[in-house]
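We just call them A, B and C in the order they show up, numbering each chain from 1.
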Amino acid sequence: MNIYLLQIINGVGIGMLYFLLAVGLSIVFGLLRFVNFAHGAFYLLGAYFCFQMTRWGLSFWLALLVVPLVVGALGWLTEKLMLRHVYATAHEFHILVTVGLALAVQELVILQWGPLGDSVAVPDILQGVVMWGSFVYPKYRLFVIAFTAVLAVLLWYLLEGTRLGSAVRAGSESTEMVSLLGINVFRIFSLVFALGAATAALAGVLAAPIRGAEPFMGVEALGVAFVVVVVGGMGSFSGALLGGLLIGVVQSVMSTLWPEGARLMIYIAMATVLLLRPHGLLGRKE
Amino acid sequence: MKKHTLLILALAVVLVMPVLMHSGSLASEVLIFGLAAMGCNLLLGFTGLLSFGQGIFFGLGSYTVALTLTRWPLPMPLALALAMVTGGLGAALVGWIAIRQKGTYFVMLTLAFAQMFYFIAYTATGLTGGDNGLLDIPRPSITAFGQTLWPLTSPWQFYGFVALIFLVAFWLLLRVSRSTFGRTLLAVRDNEERAGAIGYNLKLLKLQAFVISGAVTGLAGALHAMMIGIAPLANAEYHTSEMILVMTVIGGTGNLFASVLGSAFYLLLADWLSALWPRWLLLLGMVLMAVSLWMQRGLWGLGEKLWHLRQGKHGQIRDQTTVQGNKT
Amino acid sequence: MSTPILLEAIGIEKYYGKFAALGGVDLKVRANTVHSVIGPNGAGKTTLFHMLTGTKSVSGGRIVFDGHDVTQEPDHRRVQRGIARSFQVTSLFLSLSVRENLRLAAQGTAPTKAMNCWHEPEGPRACADTVASVLAKLGLESFASTPAGNLSHGQQRRLEVGMALAARPKAIFLDEPTSGMGIDDLEDMKCFIKSLRDEHTVVLIEHNMNIVMDISDTVTVMQQGRVLAEGLPHDIRSDDRVRAAYLGNMITGGKA
């Protein structure tokens, strides 16, 4: 099969995961106006909780359902107990409290599961490849693409079609207005933050069979999430999708042309966007 | 606070460490990262700029001194000066671009640049040694007219050298922080829009802050490379930038000496705990959270509170809106 | 009797996306006069101020100040030309003392001195004379060492004006200087603004018609991003178009 076609499909797969990873970060920024440096930690927890569940003999599918809920709950608690106290302070402290959290979570993970990392098996029905004429591709990766696509639609519906979504979008414009309308803004903050954590964890669960669970994946994921969110537009759902796919494909194609350059390129892309169009490709102007 | 209090405190630290500590290397590290944290503080505490790019300047300093002491030899003082120049130039470039954005976008830009620098350092193996770094960096003795004045071979001999440089740099930075420029930076931190509206060129002010910060951080990187004998890739990693920031915040952004407190706290904790418990960073993460939530003036602020309690000046602590903890 | 024109704005336009905040505004301000800009909310008064002081850039038009075309110059450059402003929403350096706030404002006219990283702000850099005189004019001497954040609202509004004065400007732009002030402060502020005319040119946005009618030499009325009428206070008061714009009942003068 044509190597470029293969890399593009890989890129789409990675890109969808990047989207899932980044969308939570983007929405949290849009509403709460700060960047959650602990976002990668939720991704990390997702991968490790999934690993632990499979260790206990539970099915991957159960993990796919349960882990995001658990991590989402953790996210909700984090916002309610901790972050709420820093909203009124200088923005450097929002960032730094989440940096501290990320560090603590990473160390806790190493404490519990050791520093070396573990692998997670692909669930039985998805093992092996799909063959369609000369098109050969791993089943699991196709599943990831399909699943995240469905999820993207669901999320989009949640944001555009429901009352909660309207409140979130309105809150992104003006939290004052929203609270004057009688909606409990703080509860929405917690929910959105929880949603962000849950989607990051879901990305971690899906990524685990592909790349395993390893303690430093959180930091790496955070870096990528930042790039996607910046390129696509902070606060924009479609931006996260476009950004994710763009970065995923670019990274994938570059890995055949110039492997070391791939990572460099995406950060150059990030800086360029920040300078020329800081609200990203699809973000709203402040 | 009296005018020379901070300088005396710095001198005290320099004199006390050889008495209390066993390791000359660790003592040197405290001063070296103290310098780096002060450079970071000039940006964060004084100008209100949260920079994740300090590792860039630290790394530039390390690589410069490595190259000018091995491959293209220069006298050591000149090598150090050049490290400050590359640190300053790097900061000028990063600053000039990053300053175009404000708030979170600025922070993200510094992060992006830090990552770019890392990958450039990783791939430019001819200059940086890539993953291996640059090795065998010597510690040339200080000589004059062919006579060895001050050998730097033993850790404590090197410490003396670092201490001297540290004190001079501390004094200079203190002057900068109290100067007209330093006072104007405080205004920029407090209310950037108004500072511009009353006539100040924000870009120029921030750029100068960046250059000074970069030069100091470059110097720290250079001393570090001389101390451990290598210029590793790790100096350019995210972790280095993060570590310097953590030291700055934990120490307290209120004044320059607080940054030395922060570096001492971090490094001594690391040294003491890491042998006992490899996961000591967990504790650090928790301290960082605690400081961000409840002790925003850091260890220095804590010290101030305890001091006032001791003096019985309860009234002074209650009013949190008083002029920001005596920046001098 | 007519003094020379100090500031002229020609065809000023400002668009935010498709929305025209200013749709072509002409303005002539004569030296040593009090020139008030009034109009209903949303008329574009503050936007006009932003254009004239350089806080934001114009979408179209020209601004000529003291013979120089300053249209492209940012706010910090215009301060050196002799333009200073106060803000509608108090914008001080809250963590710094009143004296330091004023020193910074005074120093802002010579910003290169602010790049000096060796000398403390003593001697000439302290701008002590200017600071002392502004403190006296504002009646804030006893609060010189108080952090600006600890002042009462009225005192902060006074300091707000003081920040502009400290720059010893040719033209001083005051955006609703009396907003939120109590009755006692109002009278003082009115007399104060009137007294500024001798040394400065005052451009004023005000909702308080008592003040506008009593102290203005010229009144410009804006509506929906354009100039509706301009002239002496007396003429504006009786202008039908202006009456209609304000729905008839606000230009009565003598009522706050």
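Following the convention adopted for this analysis, contacts are C-beta pairs under 8 Å (C-beta built on N, C-alpha and C of every residue); 3 or more make two chains touch, one makes a residue touch a chain.
Only a predicted model underlies this, so the values are computations on that prediction, with no experimental measurement involved.
A.B. asks: Where the contacts of chain A and chain B overlap, which chains show up?
C.D. replies: Common neighbours, chain A/chain B: none found.
A.B. asks: With centres defined by CA atoms only, which chain is the most remote from chain C?
C.D. replies: Farthest by centroid: A.
A.B. asks: Report the inter-centroid distance (CA atoms only) between chain A and chain B in whole Å.
C.D. replies: 33
A.B. asks: Approximately how many whole Å separate the CA-defined centres of chain B and chain C?
C.D. replies: Averaging C-alpha atoms per chain gives centres 42 Å apart.
A.B. asks: Using mean CA coordinates as chain centres, what's the gap between chain A and chain C in Å?
C.D. replies: Chain A and chain C have C-alpha centres separated by 48 Å.
A.B. asks: Give me the residues of chain B that touch two or more other chains.
C.D. replies: Expected reply: no residues.
A.B. asks: Considering only the defined contacts, which chain B positions touch chain C in the complex?
C.D. replies: Going by the criterion above, the answer is residues 175-176, 178-184, 186-187, 190-191, 193-202, 204-205, 208, 212, 321-324.
A.B. asks: If we count contacts the way the header does, which residues on chain B are in touch with chain A in the complex?
C.D. replies: Touching chain A: residues 44, 48, 50, 97, 100-101, 103-105, 107-109, 111-113, 115-116, 119-120, 122-123, 238, 242, 245-246, 249, 279, 281-282, 284-289, 291-293, 296 of chain B.
A.B. asks: Quick check on the complex: what are the chain A residues that touch chain B?
C.D. replies: 29, 33-35, 82, 85-86, 89-93, 95-97, 99-108, 110-111, 219, 223, 226-227, 230, 234, 260-261, 263-264, 267-268, 270-271, 274-275, 278
A.B. asks: Can you list the residues on chain C that touch chain B in the complex?
C.D. replies: Answer in residue numbers: 53, 55, 74-76, 79-80, 84-85, 87, 91-97, 100, 104-105, 107-109, 111, 113-121, 125, 147, 149-150, 163, 167.
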